[in-house]
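Structures incoming, each one as structure tokens.
One chain, subunit A, links the two complexes that follow: it is found with subunit B in the first and with subunit C in the second.
For the complex of A and B:
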């Protein structure tokens, strides 16, 4: 291990390799910032260019992208309420209200710092559990996946202020998740004869619509600029340093976010969107004073950002140990590995230890480098929020729609983004939670598939869910998540009665 | 005399012009469509092939075009409906792209009509169990009456291979449970290792890392020759009907490419697959090369199509 570590460090200390890393960081940031484009698109575009590179150079470039795109995505989530990548959606909750109060610098500083710390924790955990990676992945069978999806949906609904609206949004999301070809039943569902819908409703166009486009529609109706604070009052842009300090004032939030991110990352197919959301809702529920969440509590920025960078470390485990990608980004990264003659699988960890360490160190450096770039650039980025809507709206709309098109070169995706833009605006007006809808779309398919698989395995005996250890453990967490708020309320009532 | 010369040169000019239209020029751009996104096995195969193909075509620009969507049907339909000028080609797999038609779906292409340029890869299928499984032989497997089979979803090649195998081995009578719906071949293998089911199947290239690491054990494999020590072919185990079962990746253009262009493309293809440098490179990126020329590929596609068609009743959705 130590030998490989030295080899890997020396390799990365080389000028050319460092250049590849910085290139990856800059591309990752740029693609992260533009709504709809993300790490996955960046990797897809650069993949053919890695053809002539050494395998480790290609890995370094990709490490740079993976380590930076999530940080880039937080910038637009905070400034425009339009998450650059799906996992940044939870950052909007408190990041955007902070911007409207003129505290965008604070939020971005905190997001960048929390991302870096999360990334570091994720990588440390990755290195620590890499030797046990195989047995860890084997813990999660269909019953455990089903329970995990249920846990996601439960924590989603209970963390909403209005549970009924949360449930309605979740139900709508599950319904949208049904659309498309169901390869277990072998039937097409709700496709209305449209070929485009064969693959189901894709997450990225839906996300571009629900957030970026919906937000621009709202701005169009309201007029003015995003920041409601007078530009002259703000004076010098401050707050990035304060954001940095704020993160260190909440070490518990950073740590819990990082661990939730890493753990969720390990489970293939769940991904950063769920990780950052679970981290956010955990922080809300475990805070003594949760009255400011959703109105600009800095912890609401720290928790999801720590989680979504920590998940990269986690999600590399199933990707490397078994060749099962946890997300679209990881699936593409898998392609890069195979292209360079590295067959992911149980043997990769042993045979190519030093190459993997190159990746791990590259990830680490990329998170830190991108946080620094963002911290320096914040001063200029914040100006976006003072731009008048007549300039901002057409710019963001065209970037968002081009992003939707660039994904697969499909006009259907553009139409879908526009449709979801309207849905998103209606949801804003009626005060329905958009993020609940998004997560339900992500989890719906996984929940259904794993439920059917489990029931087949158990030969239709549902008690099997409680005989599978992992599934039972997750079930216990669900019960606790449901019981704790109720117990807290009862205790308060008893105390009040005694007084 | 002058008129004759002028006429002759005009005729020659026209001949040259039409010749230029029929053939692929070094100044042309040939795109090879991958019906999936970048990064997968198809993409890898085409990206590795393209630069060598470009060289063999005298320097024509050869680009890889990803047209994902509708489980590969969008890209393949686009190739099939493109102009038959030899400038749009695509990569197809069998049985993958034959299945929808055999299962009675409407598809925008007919594999048997395409202009086949040549076959790149061919992978035999391996029937596998977890390393610690009690099942040692095909007979042990056949004796089990409550079998669970891990597999990818309906319409996938792995499920079709499993259903055909089950039908030939007589497993179908025991009414096994198909635990289909795994996201990919590897997921189904990992499900098998975890103990979700007792048996599964995968192409050689996917299963090799797990055989080498000792996580799974092979019971038998398709094809004429076994690639693993101590593992019989299906024919050796007494089931010759399963020998033709395999997964092929081949390059083809739309129906109706004229003979001159087709000959040019086919010979360029053969130049590539006989190039030692390419073969070495293909091996390094994990391709299971098994080249075949265009004419043979076309014949093989037809006979394979018939093979799968014969089993069409066994290929219904098990769930």
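For the complex of A and C:
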């Protein structure tokens, strides 16, 4: 471990690698600040650029984006009441009232510092748990891996407003994953006679389409500036240093937020939105004086931001150890690893430990660097949200399609990216979650492999899934996860009917 | 201006389409061998059940008139136009290649669709071309597609 740590640190001390890290931080901040885009779009756009890089350079670039996009999103939440990414929505509750009181700098300083500290706690937990995860993963057989993947998809749909549509998106994603030549059975599946589809649906063009292109279609339909807030409503950004100090006056809030974020991050599919809202409500409920929450209490900024960034460390655990991504960003990051010949899972933890440590240190540095950039350059960065989207749309569309083409020099990939762009937009319109679809595409192969291996083990008797203890435990969690929200809804209806 | 939330208007028709898709995929899965078809058939049945449930939910909502109003024509036209711009880009790329299409597309989009002045549009178009060339061709050494037209001419 120590050897790997030294190797990783020396690798990151290299000037070129540091440049990639800073590039990732700047891109992550910009995409985080722009409402509706976020880190996932940034990773999708930059993914093709990493093809010519060393794997660790690509990991560093992505670490930069992942470590900074959450902090970027808090800036617009505080200044414009428009969260850059969904998890930043909880920051609006107290961040925007602080801006209205002329304390935008205090809120931004606190958000950046809490976010950095949360990120650090998340990374520490990740470093502590990863060695244990190595031995834990080895206990999992094919049935348990299959059930774990199902749990990942199910927990994603639960966090979605429309559970049924989430499950439908998951099933559709699995079918998309089936397209192409099946190595195990030697059969062509769902190719419709198109030669291009023999290799299956390639992940990178699909991701570029679902995130970058779909968002541009949405912007095209909505029109106007990216930010829907009047430029005159923008508050003055002063007193960032006071925000930094304010965080250290509330260590309990930072720590509770960070641990909630890390724990939520570990559960596949739950994501940052749940983490930040859970942290916010925990802070409100556990405070002696909660009268100022919603009116501009600084703890209302610290708690969600600490949780939001801490969840990245947590969600890397299922991603790296089991190959089950916890969020869209992690699914895309998995794409980066696969693109560079790294298969997430137990072997990765053992064979490429130093590469993972590069990621961990990059994440750590990115959270600190992005907080510094935010503290210094907020008033300049925020201007990007007032750019007319019509300038952004053709530029991003062009770059996205060049990226889709460049990977394999195939025009088919360009068409595939465009098709997935339309699919992604339709999914936004009709309330089908894209994240579930992406994660199902990513998990499809692994799920099928483990399903078939399990069925061979059980001699085609599917009840074998319930005879395997680990698999049964995970299945029980799946049933509970599906049943609890439904039961809660029924209970609320009965209570309302009685009232 | 509609937001992404207000744009989410599920309809019975979409749910029926998804059910038809699920049935088709399940039907196609029956034609695969034992190993290749095992998991698609399993997921196919799950897909059919889920989409059928969605149709029922949508029908109940429609019957109770809780279903949101259908999409306005203006938005539909806007969406079709937006997808037309994307389609135009893909077609132009395949005919003229990246290095001609990118500046031409950005210039046309900015002047024609967004109403920006020609000088500014040309500046942004050339800037984007330089960006793509520097990053992809110069730094990363990718060979960008020259287009059917240039390929045939050469």
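Convention: the second predicted complex is superposed on the first by the 272 of 499 C-alpha atoms of A that agree within 3 Å, B and C clash if a C-alpha of one lies under 4 Å from a C-alpha of the other, contacts with A are read in each partner's own complex, and residues count from 1 in each chain.
Simple rule for what comes next: a contact is a pair of C-beta atoms (placed from the backbone, for glycine too) under 8 Å apart; a residue touches a chain by one contact, two chains touch by 3 or more.
None of these values were measured; they are calculated from a predicted model.
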Checklist entry - Should A:459 be classified as contacting the first partner (subunit B), the second (subunit C), both, or neither? => result first
Item to check | Contacts of A:398 with subunit B and subunit C, given as first, second, both or neither | outcome: second
Checklist entry - After superposition on the shared chain, which partner residues are touched by A:167: those of subunit B (first), subunit C (second), both, or neither? => result second
Checklist entry - Of the two partner chains, subunit B (first) and subunit C (second), which one does A:185 touch, if any: first, second, both, or neither? => result both
Next on the checklist: According to the stated criteria, A:204 is in contact with first (subunit B), second (subunit C), both, or neither; which is it?
Outcome noted: neither
Checklist entry - After superposition on the shared chain, which partner residues are touched by A:44: those of subunit B (first), subunit C (second), both, or neither? => result first
Item to check | Comparison of subunit B and subunit C by subunit A residues contacted | outcome: C
Next on the checklist: Taking the superposition on A as described, I'd like to know which of subunit B and subunit C A:451 touches: first, second, both or neither.
Outcome noted: second
Checklist entry - Looking at the overlay, what does A:151 touch: subunit B (first), subunit C (second), both, or neither? => result neither
Checklist entry - Where on subunit A do subunit B and subunit C both make contact? => result 51, 184-186, 409, 452
Checklist entry - Considering the complex alone, what residue numbers of subunit A touch subunit C? => result 36, 49, 51-52, 164-165, 167-168, 171-172, 174-175, 178, 182, 184-187, 189-190, 213, 217-218, 220-224, 228, 388, 390-391, 393-395, 397-399, 401-402, 405-406, 409, 411, 414-415, 418, 421-422, 425, 428-431, 447-448, 451-452, 455
Checklist entry - If you look only at subunit C, which of its residues touch subunit A in the complex? => result 1-4, 7-10, 14, 18, 21-22, 25, 28, 32-40, 42-44, 46-47, 50-51, 53-54, 57, 75, 78-79, 82-83, 85-87, 89-90, 93-94, 98, 101-102, 105-106, 109-110, 113-114, 116, 124, 128, 131-132, 135-136, 140-145
Checklist entry - For subunit B, which residues are in contact with subunit A within the complex? => result 37-41, 43-44, 47, 64, 67-71, 73-74, 146, 148, 152-156, 177-181, 183-184, 186-187, 190-191, 193-197, 208-210, 212-213, 215, 284-286, 317, 319
Next on the checklist: Residue numbers of subunit A touching subunit B in their complex, please.
Outcome noted: 43-44, 47-48, 51, 137-138, 141-142, 181, 183-186, 195-196, 198-199, 268-269, 322-324, 331-336, 338-341, 343-347, 408-410, 449, 452-453, 456-457, 459
